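All remarks here apply to the structure that follows.
A, B, C and D label the chains in the order they appear, each numbered from 1.
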Amino acid sequence: MFFASDNTGPVHPKVLEAIAAANKGYTLPYGNDPITQTARDNVREVFDAPEAEVFFVTTGAAANSLILASWANPWSAIFCGRYAHIHDGEGNSPEAFSDGAKLTLVGAAEDKFTAAELDTSMSAWDPGHLNNAEPGPVSITQVAEWGTIYTLDEIRAIADVTHGHGQKLHMDGARFANAVVALGVSAAEMSWRAGVDAVTFGGTKNGLMGVETAVFFDPEKSWEFQRRRKRAAHLLSKSRYLAAQVSTYLENDLWLELATKANSSAARLCQGIAAFSDATIAFPCQANLVFAWMPRRVHRGMIDAGVQYYIERGQLQGEDPEELLLARFVCGCTTSIEDVDQFLDVLNN
Amino acid sequence: MFFASDNTGPVHPKVLEAIAAANKGYTLPYGNDPITQTARDNVREVFDAPEAEVFFVTTGAAANSLILASWANPWSAIFCGRYAHIHDGEGNSPEAFSDGAKLTLVGAAEDKFTAAELDTSMSAWDPGHLNNAEPGPVSITQVAEWGTIYTLDEIRAIADVTHGHGQKLHMDGARFANAVVALGVSAAEMSWRAGVDAVTFGGTKNGLMGVETAVFFDPEKSWEFQRRRKRAAHLLSKSRYLAAQVSTYLENDLWLELATKANSSAARLCQGIAAFSDATIAFPCQANLVFAWMPRRVHRGMIDAGVQYYIERGQLQGEDPEELLLARFVCGCTTSIEDVDQFLDVLNN
Amino acid sequence: MFFASDNTGPVHPKVLEAIAAANKGYTLPYGNDPITQTARDNVREVFDAPEAEVFFVTTGAAANSLILASWANPWSAIFCGRYAHIHDGEGNSPEAFSDGAKLTLVGAAEDKFTAAELDTSMSAWDPGHLNNAEPGPVSITQVAEWGTIYTLDEIRAIADVTHGHGQKLHMDGARFANAVVALGVSAAEMSWRAGVDAVTFGGTKNGLMGVETAVFFDPEKSWEFQRRRKRAAHLLSKSRYLAAQVSTYLENDLWLELATKANSSAARLCQGIAAFSDATIAFPCQANLVFAWMPRRVHRGMIDAGVQYYIERGQLQGEDPEELLLARFVCGCTTSIEDVDQFLDVLNN
Amino acid sequence: MFFASDNTGPVHPKVLEAIAAANKGYTLPYGNDPITQTARDNVREVFDAPEAEVFFVTTGAAANSLILASWANPWSAIFCGRYAHIHDGEGNSPEAFSDGAKLTLVGAAEDKFTAAELDTSMSAWDPGHLNNAEPGPVSITQVAEWGTIYTLDEIRAIADVTHGHGQKLHMDGARFANAVVALGVSAAEMSWRAGVDAVTFGGTKNGLMGVETAVFFDPEKSWEFQRRRKRAAHLLSKSRYLAAQVSTYLENDLWLELATKANSSAARLCQGIAAFSDATIAFPCQANLVFAWMPRRVHRGMIDAGVQYYIERGQLQGEDPEELLLARFVCGCTTSIEDVDQFLDVLNN
């Protein structure tokens, strides 16, 4: 029973087939091959963005940091949420790739920040004053770190503030598919039509082997992305094996099918946990993440029974059996209803 | 007829099988899974180095730069050959990863440098003087960029000079397998037994999908490698798919079998070109690279006939049909004797 | 009537005399001259720290950033107050000098943070987890940015937390002299005896031309400071002209005499403003800084009368004459009682 | 008898007077004061460049590195001479300030390089190819490191090549005054009229306390210089004390008077050494530097007699009394004819 993360589940069989199909003869390296070109076109189609620039890398941290570094100066502030993955999950990659820009944490809530909060943060740095950091790009995470989702209106408002300050908006879409499915909107609606200037379009957490796609709707700085990608050693010679995965991912809406499965499992999981008398759901379950407070003794029982997940707040070690610890449960695209029911059986017994 | 590079040929079928075999259920991310642990052990065995620290990344530039940055300070000089790939093929990655160390080019020859030349270069910077860069690590490329190979004695002499200056020696082994086969020695003999402190053990140019292995024989700074790898966004969550490739690569000496094939094809190719009256071999053909000077008209004929390769010196465009241009021909692990003979047919007709 | 800052008042006449006295003949460059050596000894004596390592630079930002960078790794978090000068007044210098470390803001108050708040912040980053930043050094500002002063007990408690996490404590002492005078303690008591590992010992805001002194009580990493100072182009060839200033500054307690004058003027200023019916003192006046809320119309009158100072919160432009704006008034070492009284005359008329 | 360097002689008395004269009352910090504005205008006048942007810093390394970093990208190559001070005398400052650009050494001679050599070096990096560094700015040193001087025609030819590659030309003018005097040209003729885009206009080696002036004739990137200067902690609050030095330096051609004196002394020194039977002048003496090969025994005698200078090649320690060692003798603006004659007396006796 693995609910620890969606970042290390198995690869979808069609993805392996696509890799095998791409494995024919020699081709041009560094993305100049036809398989890569086709995959780039496929992404443009899905986003309804024929002018977009599209690049493939192997990690989300690389896509996020390279996009932000293409926009930021070393003396910039980059704005993000208090628990943004770029802030606390990437080992200072954004600072490294941008040669020392400063991440500035926005808002009071743990998950999403508001347009008004962003405006306050961006206004605090005077762009004409050398002493402080220069206001730079903004990054939001969709699905946010605690499982909630920005509405289209919220994104648009944040984009307006960002653009009003002359800056660009990035969306860390590690779980982009889960959000699109949850909102019932298109990729275009949740990105450039809402004012997003570039997206990290995740694949690894939704059935791919390790491919994240950087999509620049505003291609102005995409040449710089390419210089930075090479400099960061993230330009793969055998690009076709990344690209083939992406084409298959988009074909016949496989990416939506997989995210739908994860979200559905999570919804059932959330319902089941909410019904459990000793648990309190911590954040609205809007995508494929469930957060719940439960007593230490319940956690111990679950873990003894072989359930794998992370405790986000508090320590399993400790004396008081009734102390509440916050747990994160993640459903991936291979988490079945049966997996969930098995989990709920353990919880309720 | 593809002789442009060995960095973009197809993946060996067994490698794809290994990936498929690894694709079972959930596991721990970031290299904490059993498949990764096994592959690390496999590397240790092949290098006869039970204490070695072993890490997998997706590009050679990442492995090279991360190893060197783990040893260098930002105020260091890193010593390498005049045409080292880390100098002219990686878009300033070593400088970026080391936060600004300076590459210092050693020697007079284009391919290999000598221990005496290295000593001259390292001695030119006074380690106690703040004004100049501090002497730092040394990097050699094996197979060197122009197809020649350092002998064990040459490596040992370079290692002695490096260590005499209190520094560490790195081997960029993008074509490590080709060199081991050519020299008829073991992995251990060509690395730590000859004084090498860390190796980039290449796989991508020899049949893998995109895996390079950093091997630290001296594990002192390997903790820093891990911090730097994460910071550089080169720590993959789904590590098992890299690791599975490496285990298969080492099993039953597949890596040696593939390199033997590439070297054999290159030897035949070299012989054939050398016999061609209008060509002059530029460097001894010791591994899987062949360099030859040929008149512009010959190149034009070859390229018109569909042969793919790079011209390293001179321009195909130009008037004088007799002007000599330097070409590089590479045999990969899927280049067959038939491919070579087909090439020679074109050349001779 | 200049109350804008203490960073640009005139230099004390004795300091100019010392520079002139140092201006004799040739000497060794880069701090190897006897005048520099003497000044380093003078600092050691004043701090009662014969083993300390002492370096002179021309800006506080350089001293702060070079000390912190000598201790931090690029993947570190550096802990400081919410309005620390290193965070919002130095144009990303600490990030630049440390090659991308992350400043983490501690506490709820605007000026000082507590040991308990620091412990919470440092504990939030798991030192063994690659995903987050590694906890690094801590920096406190004494006098803090809003004019208040850490007590010796508060410093000691913060040092204990810092050391408990295996890290080092830096004190940004741009106004070190003002704090020493206010607390009535010695330089040693307010620094190493309270657990501080290195101090930026300010001079520029207290009568020098532009000299800040980095003092390492723990000399372990002071060699790295020297490499970093050279690399940052902050090693001056004509070091004697900085050093001569420092020796004079310390001779006969000139530094304390100057800070006493600034603090006394500020105390009188604070008293006078507090007595003014339309003003509210915002922070306790403990050194040479006074913060007060006053209506817009009062500010306009002051500024029209030629008083120079900064408004920290709110805009002079605006409609409502009664809106409260927060002002900062600074007394420097040449601000006389007459200057203060002249100011209060304007305020009260 | 101090012939070691011109970087640590005494300050001219008029410069101290100017500092004292500037020491009146409070003023605006960070260069917004009238003294700084006047000095900036004075520089514009001397260079006959009313549109130039002018900035003061305390070290030549800062001026050089900040100018180059304003033009270079982190993935750029910066082109300079084999023994350029920015390469071997600044502790990797240019790499640090540019966040990792690569210095590429041009030419065969030790001092000056030619336009043709520069063209070869710049052409070796394909600007459209991500694998190699992108060709970036060019830097020449005037007076060059071994005492020779670029003619106006040589500068113009180098500028043409630089601009032909779409890049900008920097002149490290640590000894700008000595070169202007030697060539008998104006500041404008030796800089922007010859195609130079920015100059480090040195003062420290010619009688100032520690001021180097960055002059951008092409102001396009000068805003970036200001951001970088602040970030590098090289923006001084008490700017007026730097500026006052510069105004005095330019007034009544003091800067030319001082350089004339240094050059004259060096000419006499060169003549005297050349006449000495055991010495060989190594480079033409064109400004204020003299390089000569002399046997070890002669050096020992000189040093025993109290002459201070650097040996550039070879070691004073050693057995063979006849082994030739290369020495550098520098005349500063306070080196008198009597000093030179005293030196020659020692040499000849």
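Throughout what follows, contacts are C-beta pairs under 8 Å (C-beta built on N, C-alpha and C of every residue); 3 or more make two chains touch, one makes a residue touch a chain.
Just so it is clear, the model here is predicted, and its values are computed rather than measured.
A.B. asks: Would you mind telling me which chain pair, B-C or A-C, is linked by more contacting C-beta pairs?
C.D. replies: A-C
A.B. asks: Please indicate which chain is farthest from chain B, where distance is taken between mean Cα coordinates of the chains.
C.D. replies: C
A.B. asks: Compute the distance, rounded to whole Å, between the mean C-alpha positions of chain B and chain C.
C.D. replies: 51
A.B. asks: So the centre of each chain is just the mean of its C-alpha atoms; given that, what is the distance between chain C and chain D in Å?
C.D. replies: 34
A.B. asks: What whole-Å value do you get for the distance between chain A and chain C if each is reduced to the mean of its CA atoms?
C.D. replies: One centre to the other, that is 41 Å.
A.B. asks: Could you list the positions in chain D whose residues touch two or more of the other chains?
C.D. replies: 74-75, 90-92, 96, 99-100, 130-131, 227, 230-231, 235
A.B. asks: Enumerate the contact residues on chain A facing chain B in the complex.
C.D. replies: Residue list for chain A touching chain B: 2, 4-5, 7-11, 16, 19-20, 23-29, 33, 57-59, 61-62, 65, 90-93, 96-97, 204, 209-210, 227, 230-238, 240-241, 308, 332, 334.
A.B. asks: Hey, which residues of chain C end up touching chain A in the complex?
C.D. replies: Those residues of chain C that touch chain A are 74-76, 87-92, 95-96, 98-103, 105, 125, 130-133.
A.B. asks: If you look only at chain B, which of its residues touch chain C in the complex?
C.D. replies: Where chain B meets chain C, its residues are 30, 73-75, 99-100, 130-131, 134, 226-228, 230-231, 235.
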